[in-house]
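Take a look at the structures listed below.
You will see two complexes here that share subunit A, one where it goes with subunit B and one where it goes with subunit C.
On to the complex of A and B.
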C-alpha cells in the first residue's frame, strides 16, 4: 500500500510537470509577449484590438455566436438526453454510442460533410429547389448560420454527455414520489427532474461556450472569410503576418472573456448544487 | 380525517391479479381484501412479489390481469397521480432541492388547495410527526430517522385513501427502527388510516398489523391475524418464517395431538391433516425445557406438554439463554436445536441423555411439500 502511495505521488508530480512545461509556460509566454513592444512594456496591442472596428466586430461575433449556439445546443441536447434517459438500460447504451460516434471521427472530415450538405449544389439546396422550382437556392454555406450549425454539431456530444449524466442521477423514486403525491408527469418534470438536472445544464453550458468561443476550424471551413472568429484572427496575425504580440493579445483577450463567462456559469452551477 | 361517510366495506380489493415479468408470471391469481382502517402487512422473503403487489396498488406498475379496486372504484388502469394514495419509500425519496416544509406541502399544492389550507395541513402533519422545528431544513441536513418521518408526514398530509409503505425501516439501525415502529403504530391508532406495509421482517409485521399476508413465490401462503399466524401457521413455509425453525422429516401423524418420528412420539399443537398421513414436523426453538428445570422457567408441566428423551450434541450459552443442539435418536438422523431461557449450570455433557418437556403449542405438522 505504502509503495503504491509513493508511486501515485511520483505519477502526480510527473503529470504536474508535464502540465506546467507544456501548457502553463507557453501560456505565460503568450501573456508576456502581448505586453512588450520593442523591449518596453506597452498596451499597444490591446489598444489596437479595442479601437479597431474589425477586431471589435469579430470579437462581438465570436461571443454572440457562442452564446447563441450554447443556447440552441442546450435545448436540442436536453431533448435528446431526456429522450435517451427514458429508454431501457440496453437501449440507452445504443443511443449513447450513436450520439457520441461523431467524436470518433476527425472534425475536419465532419465539416467537409456539412460543406457538401450546405453547399450551392448540396442536399439541402437541392431539396429546396425541388420544392420551389425556378427560385435560386439559399446561400447557406459561408454564412453565420452555417457556422452556428457547425458549432452546434461540434458541441452537441459534450452537451448530451453532461446533461444525460445529471438526468441519470435523478433518483427514479423521486419521480414516483411526485406522481404518488398527485402531480402530473409534465409538472413532475418541471418541479423535480428539471431543477435536479440543472448542474448538468450548467456544466454543459460551460463546455459548450468554451468550445464555441475558441473554435478555429468551424468558422474557417463553414464561415468563409466574412465570418471569422477571434481564433482565426490570432492565427492570421501570427502565421500570415508574423505579428506574434498581436496574436498573443487577441488570444489573451479571448481567454479573459471566456474565463469571466465560465466563472459566472460556475457561480450559478454551485448555487444549483446547493439548492 | 373526516371518516363519517366511509362505509365499512373493503377499501382495497384485489381479484385474480396477475403480473408477468418477461412472459413469466411472478404473481398469479392473487386475491386480497382489506377493510377500512385496517393495517395489512405483506410479508415474505425477497422475490416473493410483495413489492410488486404494493406497486400495483400504487399504480407504479399495472397488472397483466385481474382487477384492483380501491373504495370500490376499479383503478386497474388509473395512473398513480389519479389514485390519491400515500406512499412511504424505502430510501425516503425526499425532494433534495426543497425544504422539509416544501416536501410536506408538495402533494397539497398538487391538489391546488387554498394557501391557508396548505399551510394548515402541512403544519398539522409536521407537528404530528414532531418535525415542526425542522420545517425550514433541507433533507440532507436531517438524520435517517428524521428523513423517514418527513416522508411519512408528506404522505399523510394529502390524507390519502390508503397509506402504502415499501420497507420503510430497512435502512435504519435497530434502535431507530423500534422507535419508528412505535411511531407508525401510534399514528395508525390516532388517524386510523388504511395501510399496506411491505416488509421482510416478521417482527415489524407482527407489531404493526391487523392482518398479515405471508407471501412466497408470488402466492399468498396465509392471510390472517397475527395471533393466528403465530399459533396456527398454515404451511411449513409460514411456520419456518415465524420461528418454527426445527424440521423433522418422515413423521407420521398418529392422531390430532400426536406425531411419531422414527418411533419417538411428540405432541402436536396444530395440524389440519388427517391421522395416518406422513409428512414433516416443525418445532420452535423455545417453549422447550429440561425436566427438573420447570420451576425456574415457569413452564409448568401440563397436558399440553410431554416429556421426551434427547441426546446432547452441543451445549452453549447465548446471552441469557442456553442453546442446545440435540437429536432424537442415538444415530443422529433427527437433530434439532432448542433455546432454554436460563443459564443452565453446569452445561449438559455432550452425548449425555436428557429429558425434555415439549410444549405442544410450538409443534406443527404438515404434509411433505
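On to the complex of A and C.
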C-alpha cells in the first residue's frame, strides 16, 4: 500500500506543521527574547535570577515543596492503590471511580473548597480549637502547608492511576508461589509485590513532580502573596511589571528544572530495571 | 471476619476518602449557608445563592464563552490528533520517536512557559486577548490527550481491513471515511471528552491571553472566590460538582470509562 503511505505521511506533516507554528515557534521566540537586552545578547536576566535572594528563595521553595508533596503523595497513593488492588474486580471499579473523581472536577472549584476548609473560620480550624480550647487556631490558609495540601490533592489521582496500573500487572502466580513456599505476607510484599510495582512508582513520581513544580493556581489561591512559586513570579514579572524578558527567563529556568528532574527519575528507573 | 490489621487499614482508607472528597462536601454545605461562606458552621440555611445564580449574567456569559472555546478547540485538537497519529503510526516521517514526543510536548513543558510563549507570540500580531488566540492556544495544549489515544488505537488496528477496502476498489478518501475513522471513533471520542474537560478548566495559559471581554469560566470563578467575593459561586460550584458526579456515574455505567483512564 505504497500509495496510502504517501497520504499518511502528508497528514503527519500537516499536523507537525501546525505544531511547529503554534508550539515550537512561540517557545523559540520566548527563548530568544530572554537572551536579548536592549538589542544585544546578554545573560542579564538569568544572572538576576541566580543572584537575587528573592528569586533564589522562591526557587528553593518550589523545589522543596515539590519533592515533599511527591513523597507524601507517593505514600498515600501507594496505600490507596494497594488497598484497591486487593478488592474484588467489581469493588475495584467503584473505589477507582470514587478515588479518581477529583480528576474530572474543575481545579478552581476544588481549590475554592480548600480555601473554605482551611480558612481562619473554616472547618479544620474549628476542629483544632475545639480539641485544644484556649488556643487560637493556626491560620492554615495562605501558608505553605495549605499549598502542600492543595498540591497533594491535585496530584493524588494521577499517582493512584499509575501505581494501581502497575500493581494490576503483578502476576498473581508469583505471589502465590512466594506464600506457598512459606514466606510471610509482609515479606512477600517487600520481596515480590513492591519491586514489581516500581515502574508505576517511578511514573507516578515523575508526573507528580512535573505537576507540582509547574503548578500556578494552587500557590495563587492557597498560598497568598508570601508563598509564591516560580510560575507565579514569572506571571507577576510579565503582568504586573511588564518585564517580558525576565518572565520568559524565569519560565525557561522552570522548564529546565522540570526536564532535569524528570531525566534523573528516568535514569533511576532504567537502573532499577537492569538490577 | 476482618483481622485487626485490615480494620486499621479500613480506618486509614476512610480518612483518605474523606481527604479526597472534603473540598466537594464543604462546597455543597456552603452553597446553602446563609452566612459568610468562609465561616463554619453556617448559622442559617437558605436557597438565596441558587436564586441569585440564575440572575448572574456575567457568570453565564463566561460559561457560554468557555463552552464555545472548548468545542472549537476540541474539534481542532481531534483533527491534529488523528492526522498526527496517522503520520506517526502509518506514515514515513523521519525520527518518529522524536516527533511523537514533540506532539506530547504540551504535557511536559510547564503551562506557565507555554502561556508566556503564546503571549509573546500573539502580541507580535496584536492578537492577544482575542477569542481565536485562546482557541488556538487551547487546541495545542489539549491535543496530546487525543494524539496519544489515537496512536494507541492505530497501533492495534487491523491492517487487513484497510487493504481489503483498497483491494475492492475504494479510493484512499473513501477508505478513510468508511474504514479508518469508524474504527478509531470510540477511542477518539473518549480522548475528545477528556480534552474538552481540560479546555473548560484551563486557567494557567488562558490567564496570560484573556482580557476584559474574554473572561473564561475558570478565571471568573477565581475572581468570584478571591478578588470580588461573591457567594453565588458556592451555588454554581455545588451544581457543577453534583453534575460531574452524575455524569461520571452515567459514563461509567454506559461506556465503562475506567478502562480508558490511562493518562
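FYI, the second predicted complex is superposed on the first by the 257 of 275 C-alpha atoms of A that agree within 3 Å, B and C clash if a C-alpha of one lies under 4 Å from a C-alpha of the other, contacts with A are read in each partner's own complex, and residues count from 1 in each chain.
Heads up, the rule we're going with is that a contact is a pair of C-beta atoms (placed from the backbone, for glycine too) under 8 Å apart; a residue touches a chain by one contact, two chains touch by 3 or more.
Bear in mind the structure is a predicted one, so any value in this text is a computation, not a measurement.
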Q. With subunit A superposed, do subunit B and subunit C clash or fit?
A. fit
Q.
Looking at A:174, would you say it contacts subunit B, subunit C, both, or neither? Reply first, second, both or neither.
A. first
Q.
A:241 in the overlay: touching subunit B, subunit C, both, or neither? Say first, second, both or neither.
A. neither
Q.
Output check: A:264 vs subunit B and subunit C. Expected answer is one of first, second, both, neither. What do you get?
A. neither
(Q) Quick check for you: in the superposed arrangement, does A:196 touch first (subunit B), second (subunit C), both or neither? (A) first
Q) Counting only touches as set out at the top, which of subunit B and subunit C does A:54 meet: first, second, both, neither? A) neither
**Q.** Dominant contact partner of subunit A by residue count, subunit C or subunit B
**A.** C
Q | Which superposed partner A:183 touches (first subunit B, second subunit C, both, neither) | A | first
Q: Give one of first, second, both or neither to describe whether A:105 is in contact with subunit B, with subunit C, with both, or with none.
A: second
(Q) With both complexes superposed on chain A, which partner does A:75 reach: first (subunit B), second (subunit C), both or neither? (A) neither
Q: After superposing the two complexes, find the smallest distance in angstrom between C-alpha atoms of subunit B and C-alpha atoms of subunit C.
A: 14
Q) For subunit A, which residues belong to both interfaces, subunit B and subunit C? A) none
Q. In the complex formed with subunit C, which residues of subunit A make contact?
A. 1, 3-5, 7-16, 18-19, 22-27, 29-30, 33, 76, 79-80, 83, 93, 96-102, 104-117, 119-123, 126, 153, 156, 158, 161, 165, 210, 213-214, 216-217, 220-221, 230-231, 234-235, 238-239, 244, 247-248, 251-252, 254-255, 258-259, 262
(Q) Going by the contact rule set out above, which residues of subunit C touch subunit A in the complex? (A) 9, 12-13, 16-17, 19-24, 26-27, 30, 36-41, 80, 82-84, 86-88, 90-93, 99, 102-103, 105-106, 108-114, 116-121, 124, 136-137, 139-140, 143, 162-163, 166, 172, 175-176, 197, 200-201, 203-204, 207-208, 218, 221-222, 225-226, 233, 237, 240-241, 244-245, 247-249, 252, 258, 261-263
Q. Where on subunit B does subunit A make contact in their complex?
A. 58-60, 79-82, 84-87, 89-91, 93-97, 106-107, 110-111, 154-155, 158, 164
Q: Can you check the complex and tell me which residues of subunit A touch subunit B?
A: 171, 173-174, 176-185, 187, 191-192, 195-196, 275
